[in-house]
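Before I ask anything, here is the structure I am working with.
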Amino acid sequence: MSSSRTNGKVVPLESLGELVRDGESVAFGGGWFANHPMAAVRQLIRAGRTGIHAITVVGSVDMDLMAAAGTLGHLSFSMVTLEAFGLAPNVRRGIESGSLPFTEYTGLGLLIGLEAQGRGMPYLPYRGPFGSDIPARYPEIYATTNCPFTGEQLTAVRALQPDVAIVHALRADAEGNAQWDGTSGPDVEMAKAAKRVIVTCEEVVDRRVIVENAHMTKLPGYYVDAVIEAPFGAHPTSHVPRYAMDAWELMDYAAAAGDPEAIAEYVARIRNETEEGYRERVLKGRDKVLGALVDAAEVIEGAQA
Amino acid sequence: MTDYEIHELMTCRVAAEVDNDGVTVMGSFTPLAYASYMLAKLTHAKDAYLVGFDAVGMAPVQLSFTGAEASAYKGAVCRWGMLTEINSIHLANHGGVEAVSSAQFDGSGAINLSAIGPFEAPKVRLPGGAGAAEVIKMYRKMIAYFGNHNPRTLVDKVQFVTGTRWKVGDRAREEAGLQPGPIVVVTNLAVLVKDEDDRPFRIESVHPGVDVQTVVDNTGFELEVPAEVPTTAEPTPQQLDLLRNRIDPFGTVKFDFVSGKERLSYLRGILDAEWDRAAARVS
Amino acid sequence: MSSSRTNGKVVPLESLGELVRDGESVAFGGGWFANHPMAAVRQLIRAGRTGIHAITVVGSVDMDLMAAAGTLGHLSFSMVTLEAFGLAPNVRRGIESGSLPFTEYTGLGLLIGLEAQGRGMPYLPYRGPFGSDIPARYPEIYATTNCPFTGEQLTAVRALQPDVAIVHALRADAEGNAQWDGTSGPDVEMAKAAKRVIVTCEEVVDRRVIVENAHMTKLPGYYVDAVIEAPFGAHPTSHVPRYAMDAWELMDYAAAAGDPEAIAEYVARIRNETEEGYRERVLKGRDKVLGALVDAAEVIEGAQA
Amino acid sequence: MTDYEIHELMTCRVAAEVDNDGVTVMGSFTPLAYASYMLAKLTHAKDAYLVGFDAVGMAPVQLSFTGAEASAYKGAVCRWGMLTEINSIHLANHGGVEAVSSAQFDGSGAINLSAIGPFEAPKVRLPGGAGAAEVIKMYRKMIAYFGNHNPRTLVDKVQFVTGTRWKVGDRAREEAGLQPGPIVVVTNLAVLVKDEDDRPFRIESVHPGVDVQTVVDNTGFELEVPAEVPTTAEPTPQQLDLLRNRIDPFGTVKFDFVSGKERLSYLRGILDAEWDRAAARVS
């Protein structure tokens, strides 16, 4: 690779605030406690972005933290949960108080809406959530349609085009070719649907590394506008196989999240430090163990697979 | 008879529904469901095809809060993403068993994971259903499990239908292009089954020591009570050994059965053990 | 893996004649001169199957050979070509004479019809071949439909469910988990759409090998009914990275294909030998060079990728 | 001026249409189109994103009949399959340049790759269009190239429309949700361009030594002839060096320009050279 292209699409995390504007719709990758683009979430908070229409399939600490920080103007989701640590207190408070406008999708509907946009369709039909109360709430998103051959009644879901998608990959090169080994969840569909795509990754690598692992490339570079190196960029959620979720930090988060004062402090700490500072503060001496949690995870030996 | 705890009996009963046909997908870390699938795959359903996160064709794994995701990939034969999974499993009618737990569940097979109170300004905003709205309809068997069988959870009519089985009877399901199969509810008291649209859930069995009237009294929807109600099978020593020593040595399944005050310290206890095991590898 | 499952779905090539019945529709994988399931094609000819409704996206020697052998009762295709070696003479003769009923699909329509079936849909819409004369010929396959949200007029293509799909993989295990490294073309969509799936492969391997290369698994075992080990099973088409297309055998085929007597002889030779006999006769001493053609193929060094 | 052959001029002219935007997909082994893409990527369009077979994001490769497929994978960053490609490139409006050659081509931009004579009982059954029916419509630029410019190929009206550009003018294309861009026809005589629905192809340039009337006489559809018709740019020494020594040392592009009798021996000559190079690696 010639030096003229070495940097290509690579930008520092600090430029994220310029890449995402107030009021834009942003799809955030990952699911449950796996692989949310948390470094980007923290940076949006530091940049003071507001009015963001966040789109998540299964959000967790990413959505709750942005709700707490005042980043969100709208939340589209099919689930937001802190799982073992309970409901997401700040999302819950926002919706219950009416201060956070929201759209509740069904999970397949949300993914198929993203898929439709990504493949150039204004909608896609599927065997939808018949009997659910959700579609009738959103006639601009869900409609009924019929198969022109069999007459079967189906659910149509409208194409969903985020302004921006932010996803976290294992590695990417300067062209934006991005690879995942473990959980990629909804990341590829979000990226294919969005007008602009920002990939954060554990590591920016030479194109040669991408070629040698070509089967792991889930997002080719022509989709990608910016590549940001963000080690532990999914923390405190997981990025398997690099590190497991940081359940201890999540427990601290959950404890703070239910208390307005405590969560304000939690947010202020993030706002007043760099991402490097965050890593130093939170990971100090613990990064190796978070990686070892992955190594220690066991398949049941001797069992037939 | 071996001593066992109620979550172990429930795990074994859910496991009994898992067979060698179709694909079972694990989404959120729901330890009881995960443990059931592993138990089935280690005993009577060795060819059960499991998908966890984006790991397709998993080997059975040991459960832990921080390690379940990583272990899913270690023995898996394939990697997909969410969209490929829903199109290749759920919507393609390859789904085997879908196990859910919800804030409210009613006698029609509907679940509420959305809101208690008005949808737009709820008293309690619930997490949402992820794919459950579509998936509980598509899968061959729908299982709902509840650690606390009471009429506030098992209600006459859910306040909001996040999703529903839609068609219940085998014939109605097949006419709609769906796989035939029942709804099975497994609680801390009993097993309830519904396999026809126009008939209520019936009590399939009560757990040892539970009387039928307790089940009826604690259920908010109508139940059909057969003349003879058998007792739910108890875990075998082999099942308990697998659960305690191989599948769930950290005790993650029990976590959902631990009540308010002890809950956090129970969780801390598990996480300490997980941390120690990992830390031993780096020191 | 316990011995009880070692064989699993693995059957010998000779059983193919029992797995596919006269008159069934069969989707054949591969495209152009890449990765057609040729060992299976030869075995269907040996088994004397007739009336097969072959479905191919871009067929070549596979379709022409079956047309010559009297295997085909119908041909659904978007292209059949011998590329540098000319048109496909026996397919051409069959269609021009009216003896081979056919359905000409547009390429995307055929793939999306397979996709629809694979994802449980009776049809799928797309921005179709507007202006083409093909859709009007097949109103049972192509229809117009409108987006329920925008009103945009789209093409609907009906789900296509082959009775059988036969695809050729690099390797598969006894559970049917199948991997490709190079060209997989339409193979995955064919397999997902078909009622029954037969995977031929260069090599049957232990599950452990599949797990170690999990990113190369394009077809999980739950789709697969039978696994057949067939080394050089795509010959004379390619199976990259194992071997390139055998252009020399294809040239001989093309020379014979245009001449009724010569092609009858060509077919008779195949009919009267086993697959092992075929390999010995055709590959003798040449297999290493067919592999080396892959190694010798050059990326332009020093160029930016 | 360097000596060159007509296929080299045509290759360079097609290459000039390839830029750094969008994705270009190589399907069938069409050496002239392949060579054009490689030449562009090695000169003015280094960021051209190429897909060949299921190799996504290819490095530029040397052409050969037996090695083109294998070489595509060697420097590629990703593997897909046909369906992912059509949904992620063609239908997603990411297509850059689509180059086709067809048995018949007409002044509306329609191609016939299906049948000469009645469709159901044709005089000549042609190979079919693969994805061309949809793709020539979707891509930003449609290129059609013909080694033998004559009125039997460039016809007034194709006998069967396998596919067509559908909308030609930029505004009509944008209103239909398509990328704006022209149809460019490159032949052994001239370059023709159409970029409006209601106007015929115009002669953009004639190749050195070709007069305008020859082009008009050999074209079966109406042509707009500007007052001044420039001469097509000739290949530069750098382009010829790349084509002859790096991209196509075996001479695969010329194969389509070799007439009936010599054709087979020309092909054998190339294949002998490919065989010898490979055989040298195993002996």
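Labels for the chains are A, B, C and D, by order of writing; each one numbers its residues from 1.
The working rule: a contact is a pair of C-beta atoms (placed from the backbone, for glycine too) under 8 Å apart; a residue touches a chain by one contact, two chains touch by 3 or more.
Note that the coordinates shown come from a computational prediction; the quantities given were computed from them, not determined experimentally.
S.K.: Return the chains shared as contacts by chain A and chain D, ordered by label.
M.R.: Chains touching both chain A and chain D: C.
S.K.: Provide the C-alpha centroid distance between chain B and chain D, rounded to the nearest whole angstrom.
M.R.: Each chain's C-alpha centroid was found; their separation is 57 Å.
S.K.: Centroid from C-alpha atoms only, then distance chain C to chain D, rounded to Å. What do you get?
M.R.: For chain C versus chain D, the centre distance works out to 26 Å.
S.K.: If you average the CA atoms of chain B and of chain C, how many Å lie between those two points?
M.R.: The answer is 41 Å.
S.K.: For chain B, what residues touch not just one other chain but two or more?
M.R.: In chain B, residues 46, 57, 59, 73, 75, 77, 79, 91, 177 touch at least two other chains, as defined above.
S.K.: Which chain C residues reach two or more other chains?
M.R.: 5, 119-121, 126-127, 152, 181, 207, 211, 215, 218, 304-305
S.K.: Determine the shape of the graph in which chains are vertices and touching pairs are edges (line, ring, star, complete, other).
M.R.: Here the contact pattern is something else, fitting no line, ring, star or complete shape.
S.K.: All pairs of touching chains, please: list them by chain label.
M.R.: Those chain pairs satisfying the definition are A-B, A-C, A-D, B-C, C-D.
S.K.: Using the touch definition up top, name the residues of chain A that touch chain C in the complex.
M.R.: Per the stated touch rule, the residues are 1-2, 5, 119-127, 140, 143-145, 147-150, 152, 154, 156, 158, 181, 207, 211, 213, 215-216, 304-305.
S.K.: Would you mind writing out the residues of chain D in touch with chain C in their complex?
M.R.: So the residues of chain D touching chain C come out as 27-29, 38, 41-42, 46, 53-55, 57-62, 64-71, 73-75, 77, 79, 81-83, 86, 90-91, 110, 113-114, 119-135, 137-138, 160-166, 177, 246-247, 255, 264, 267-268, 271, 274-275, 277-279, 281-282.
S.K.: Sort out for me which residues of chain A touch chain D in the complex.
M.R.: 5, 118-121, 173, 175, 177, 192, 207, 210-211, 214-215, 217-218, 220-222
S.K.: Sort out for me which residues of chain D touch chain A in the complex.
M.R.: Of all residues in chain D, those touching chain A are 22-23, 46-47, 49, 56-57, 59, 73, 75-79, 87-88, 91-94, 177.
S.K.: Flag every residue of chain C that touches chain D in the complex, lowest number first.
M.R.: 31-34, 57-58, 77-81, 83-84, 87-88, 91-92, 95-96, 98, 104, 106-109, 111-112, 114-115, 126-134, 137, 152, 180-189, 218, 238, 240-241, 244-245, 247-248, 251, 288-289, 291-300, 303-305
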